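In what follows, subunit A forms one complex with subunit B and a second complex with subunit C.
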Partner chain A sequence: MRKDLRLELRSGESTLALLALSMLVLVVLVFALGAARVRSVDAAAGALWVAMVFAGMLGANRALLAERDNGAIRGLLLSPLDPSTLYAAKLCAALIFMAVAEVGAVILMVLFFNLDFDASMARLAPILVLGAIGFSALATLLSAITGRTRGGDMLLPILAVPIFVPALIAGVKASAAALAGAPFESMGDWLKIMIAFDVLFVTAGYLLFEHVVGGE
Partner chain B sequence: MPAPVVETRSLAKTYGPAVVLREVQLRLLAGAGAFIIGGNGAGKSTLLRILAGLEAPSDGQALVFGQDTRRLAARYRRRIGLMAHQSFLYPNLTARENLEFYAELYSLADPRACAHQWLGRVGLAEVADTRVRAFSRGMEQRLSVARAMLAEPALLLLDEPFASLDHDGAEIVAALIRGAVERGACVLATTHGIPEIDGVELAVFEISRGRLMQHAHKEEVRRGGRIRSLLGR
Partner chain C sequence: MNNPTIRNWLGFSTLALMLASLFMVFDYVPPDAEMGIAQLIFYYHVPLAWVAFASFGLVAIAGIFYLWLGDQLWDDLGYAAAETGMVFCTLMIIAGSIWAKPIWGTWWTWDSRLTMTFILWLMYGGYLMLRASADDTPQVARFGAVIGIVAAMDVPIVIVSVRLWRTIHPAVLVTKQGTHGLEDPRMVWTLLVSLTAFTLLWAWFLMLRFTQLRTRSRMSKLAGRIALATVAASDPK
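Coming up: the complex of A and B.
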C-alpha cells in the first residue's frame, strides 16, 4: 500500500481525476435540478452518492492499473505475499483514494447545494465511510476481473453499479436523513444494510481475490 | 539420488486447439544450468511460466522442489526467481525503489542494502535514483535480472536473459548466471542462441513442435542445420 501511495503522490493522476469527476457530476446535477431543488437535502444526498460511485470506480481501476504495467501483478503473485494480503492492500489504497474524493465531494456539495457546515456533516461521516468501504471492496474485486478483459474499464460500471444498488439506496436515504438533522436511531435500518453489504463484500474479496487474479 | 529441483511428467499445454507443449519430460538437479532453445512461439516462455506456477498445465505434471506448481505454497514460491518478457517493474518508481519494494516483499533483512548491492552488481548504481520509465530496454532488462535474483533463489528461470543487452550487459548477466550455478542454484534459461558462459557446463534442450529434446552437448546443437540457422552460423 505504501508503494501505491508513493506512486500516487508522485503522479497525482488518480486524486486529480477523482476530484475533477466529482466536481463535474455535482455541477451537472446542480444545473439539471434547477434553483428550486438546490436546497433540497434529498437532491444533495443523491448527487453526492452519484459523484462517489463514479469516483470509486475510477479509484479502484487505478489501484490495479499500476500492477498491470510491465506485468507487475505476476511479480506479486510469484512472491511469498499472500493474495489475500494483496487484496487488503489494494482495498486500503482504493479506500484512501475514495476518501479523498469524498472529502472534496462533500465540500463541493455544501457549496453547490447551499447547505451549512454544521453538526449534520458529522452525522454524514460514518455513512460515507460505510459506503466507501463497501464500494471499494466490491470495485477492487471486480476490477481484478474486468482488468483482464478487453474493454474492462467499460465492464466495471456495468457489473459494479447494479450490485451496489442496495447499499447505494441505503446510503442515499441515510445521507438525506443525516443532512436533514435526523438522529442516528431513525436511520438504523439503512445503516444495517450498509454494514451487511460491507461485511459481505470485504469477506468475498478476501476469499476470492486469489482465484480472480490467479490466472493473470 | 538427490531430489530434482525441476521435474515435469508428460507435461502438456494447449490454448484452445493450439498445442504448445506436449509430453514434456524434464529433470534438473540443484546446481544444474540448462538452456532451452527454440523459435518464436515454440513454447519456451510457456514452460517457464508453468514452472513458476503462473500458468497451469493442461495435462501432466510440473513439480518444483517436489511440489506441484498448481499449488505452490509461499515458502516454495520465495525460492523461485523468474525473469520474464515483462519486467515486473514499476515505471514510476526508481530502480532503487523497485528493488527495495521486492526486497521487502521477500522479507530480506536489509532491503536498502540489498537493493544497493544488486544495483552495483548489474552496473546500474549510477542510475539508482532514476525512474525505470526513463531506462532503455537493456537497462530495464538488467534491473529485471537483479529483481529475479534479489532473494538468491534456488530455482532461477530466465526468459531470454541476453535479449536487448549490449556486450557489457551480456557479460554481467553471464557472470550472474555462473555465480548462481556455483552457489548451487538450478538455472533454466531460454534463448535463441547459445551463449558461452565460462566455467559452467550447460545442458541444452530444444523445443520443436511442442516437444522437448535434450542435446548431449552444445557442439551437437551447433552441428544441426536448423539450429545453425537459428544461431546465424
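Coming up: the complex of A and C.
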C-alpha cells in the first residue's frame, strides 16, 4: 500500500499542480479583495482556506482519476485487503498531498498578504493540520462516490463543500485569531469543533468506505 | 402503504385541514401586536420547517436501514423523503424570506439558523444531483445512503458552529426564558392545526412518491427478468 502512495508522490506531478492551484487562488483573491483589504489578517486567513479547499478538491479528484484510469482500484479490491485499510491508506495519501500544498500556500500567503514569519505560524500549523485531516477524510470518502458517477468531477465540490462548512467556519476563525497573535485558549471552541469534525468524519469514512467501494 | 383508499383518505383530510388552517390564520388568530400581519406567515413557516427537517432525518434513517438490510424499499423511501424534504425546505426558506423583508429589512441574512438551513438545503441538493447524475443501480442507492448518513451526522456540528458564529433568529417556541412566545391560546391552536395540516400534506406527498418509486423498482426488476427470459428462450442450446 505504501509503495502505491510513494509512487504517486515521486512523480511529483500532482503536488506541483496543487501548489500552482493554491498560488493562483491566492493571486485571484489578492486582486479581488483589493490592496486595502489585503493587509488584514482576516482576509489572509480566508484566502488561505479558499486555497486549501480548492487544493484538497483537486488532490482528491486526481488521486481517484489515476486509480480509475489504470483500473487499479479493482485490483486493490481484489487483493485480500480490508476496504477500511484501503480507506486509511487513501486518507494518508490525500493528507500528505494537502500538507505539502498547505506549506506552499502558507508561504505564499505570508508574502502576498504582507505578513511576517513569526510565532503565529507555529500556532497556525495545528489548525491547518486539523483542517487537512477533516477535509481529506471527507474528500476521500466522497471522491470514491463521485469518481464512479457521470460528471463526477463536478459533483465532488457540490457534495463536499456544504458538509465541510462547520470545519471551514471554525478553521477560518481560528486561523484569523492565530495570525492576529491570539493564544490558543481564546480559540478553544473553534478547535473543539474542528477536532469533533475530524473524529466524526474519519470514523464515518472508515466505517462507510466498505459500502461505497464494495459490491462491484 | 400502497393502498389507494388510505392515500385518498389522506389527501382529503389534508385538504380539509389546509382549508381550516387557512381560515384560522386569516380570520381566527389575532395578529402579533408588534409585527402585525407579517407575523401570520409564522403559521406556515414553522410547519414547513418541521416537515423539512423530519424528511431529512428520514433520509438518514432510511440510509442506515438500506446499508443494514439491503432492501430496495429503504432506498425508495430515502429518495422519496429527500425529494419531498427539498420541496418543503425550499418553501420554508421562501416563507422565511417574505417574513424577514418587512421585519428584518432584508430578504436574507447570515444568521445561524438561516445558514444552517441553507447548508442543509445545499447538502440535499447535492444528494439529489448525485441521484440525477446516475442510473438507479444498487451501487447508486448505496452512495445515496452514505451521503444521507454523512449529511445527517454533520448537522449537529453545523448547528454548533453557526451558533457560535452569529445569531439573530427569533426563538418563538422555546424562548431564552424557557417559556414559549405565543401569548394568545388562539395562536397555539392555529399553529397546531397548521402543523397537523402540513404533516399530513407531507405524508401524502411522501406516500405518492414512495409508491411511484416502488413501482419503478418493481418494473425494472421485471424488465431484467424478461430480458433474461428472452435471452434464455432465444438461445438455441
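Operating definition for what follows: the second predicted complex is superposed on the first by the 206 of 216 C-alpha atoms of A that agree within 3 Å, B and C clash if a C-alpha of one lies under 4 Å from a C-alpha of the other, contacts with A are read in each partner's own complex, and residues count from 1 in each chain.
Quick note on the criterion: a contact is a pair of C-beta atoms (placed from the backbone, for glycine too) under 8 Å apart; a residue touches a chain by one contact, two chains touch by 3 or more.
All values reported here derive from a predicted model rather than from experimental measurement.
Asker: Tell me which touches more residues of subunit A here: subunit C or subunit B.
Answerer: C
Asker: Considering only the touch criterion stated at the top, classify A:Ala17 as touching first (subunit B), second (subunit C), both, or neither.
Answerer: In the superposed model, A:Ala17 contacts neither subunit B nor subunit C.
Asker: Contacts for A:Arg148 in the overlay, against subunit B (first) and subunit C (second): which applies, first, second, both or neither?
Answerer: Touch status of A:Arg148: second partner only.
Asker: So, A:Ile163: does it touch subunit B (first), subunit C (second), both, or neither?
Answerer: Touch status of A:Ile163: second partner only.
Asker: Between subunit B and subunit C, whom does A:Val212 touch in the aligned arrangement: first, second, both, or neither?
Answerer: So A:Val212 only meets subunit C here.
Asker: Please work out whether A:Asp82 is in contact with subunit B alone, subunit C alone, both, or neither, and reply first, second, both or neither.
Answerer: Only subunit B; A:Asp82 stays clear of subunit C.
Asker: Now for A:Ile195: first (subunit B), second (subunit C), both, or neither, which partner does it touch?
Answerer: neither
Asker: On subunit A, which stretch or stretches are contacted by subunit B in one complex as well as by subunit C in the other?
Answerer: Comparing the two interfaces on subunit A, one with subunit B and one with subunit C, the shared residues are 215-216.
Asker: Taking the complex as given, what residues does subunit A use to touch subunit B?
Answerer: Checking each residue of subunit A against subunit B gives 3, 6-7, 10-11, 66, 69-72, 74-82, 215-216.
Asker: Please output the residues of subunit C touching subunit A within their complex, sorted ascending.
Answerer: My answer: residues 67, 119, 122-123, 125-127, 129-130, 133-134, 138-140, 142-143, 145-147, 149-151, 153-154, 157-158, 160-162, 164-165.
Asker: Can you tell me which positions in subunit A touch subunit C when the two form their complex?
Answerer: Result: residues 138, 141-142, 145-146, 148-152, 155, 158-159, 161-163, 165-167, 169-170, 173, 189-190, 193, 196-197, 200-201, 204, 208, 211-212, 214-216 of subunit A touch subunit C.
Asker: With touch defined as at the start, can you tell me which subunit B residues reach subunit A in the complex?
Answerer: Touching subunit A: residues 52-55, 74-75, 77-78, 80, 82, 84, 86-93, 97, 101-102, 105-107, 147 of subunit B.
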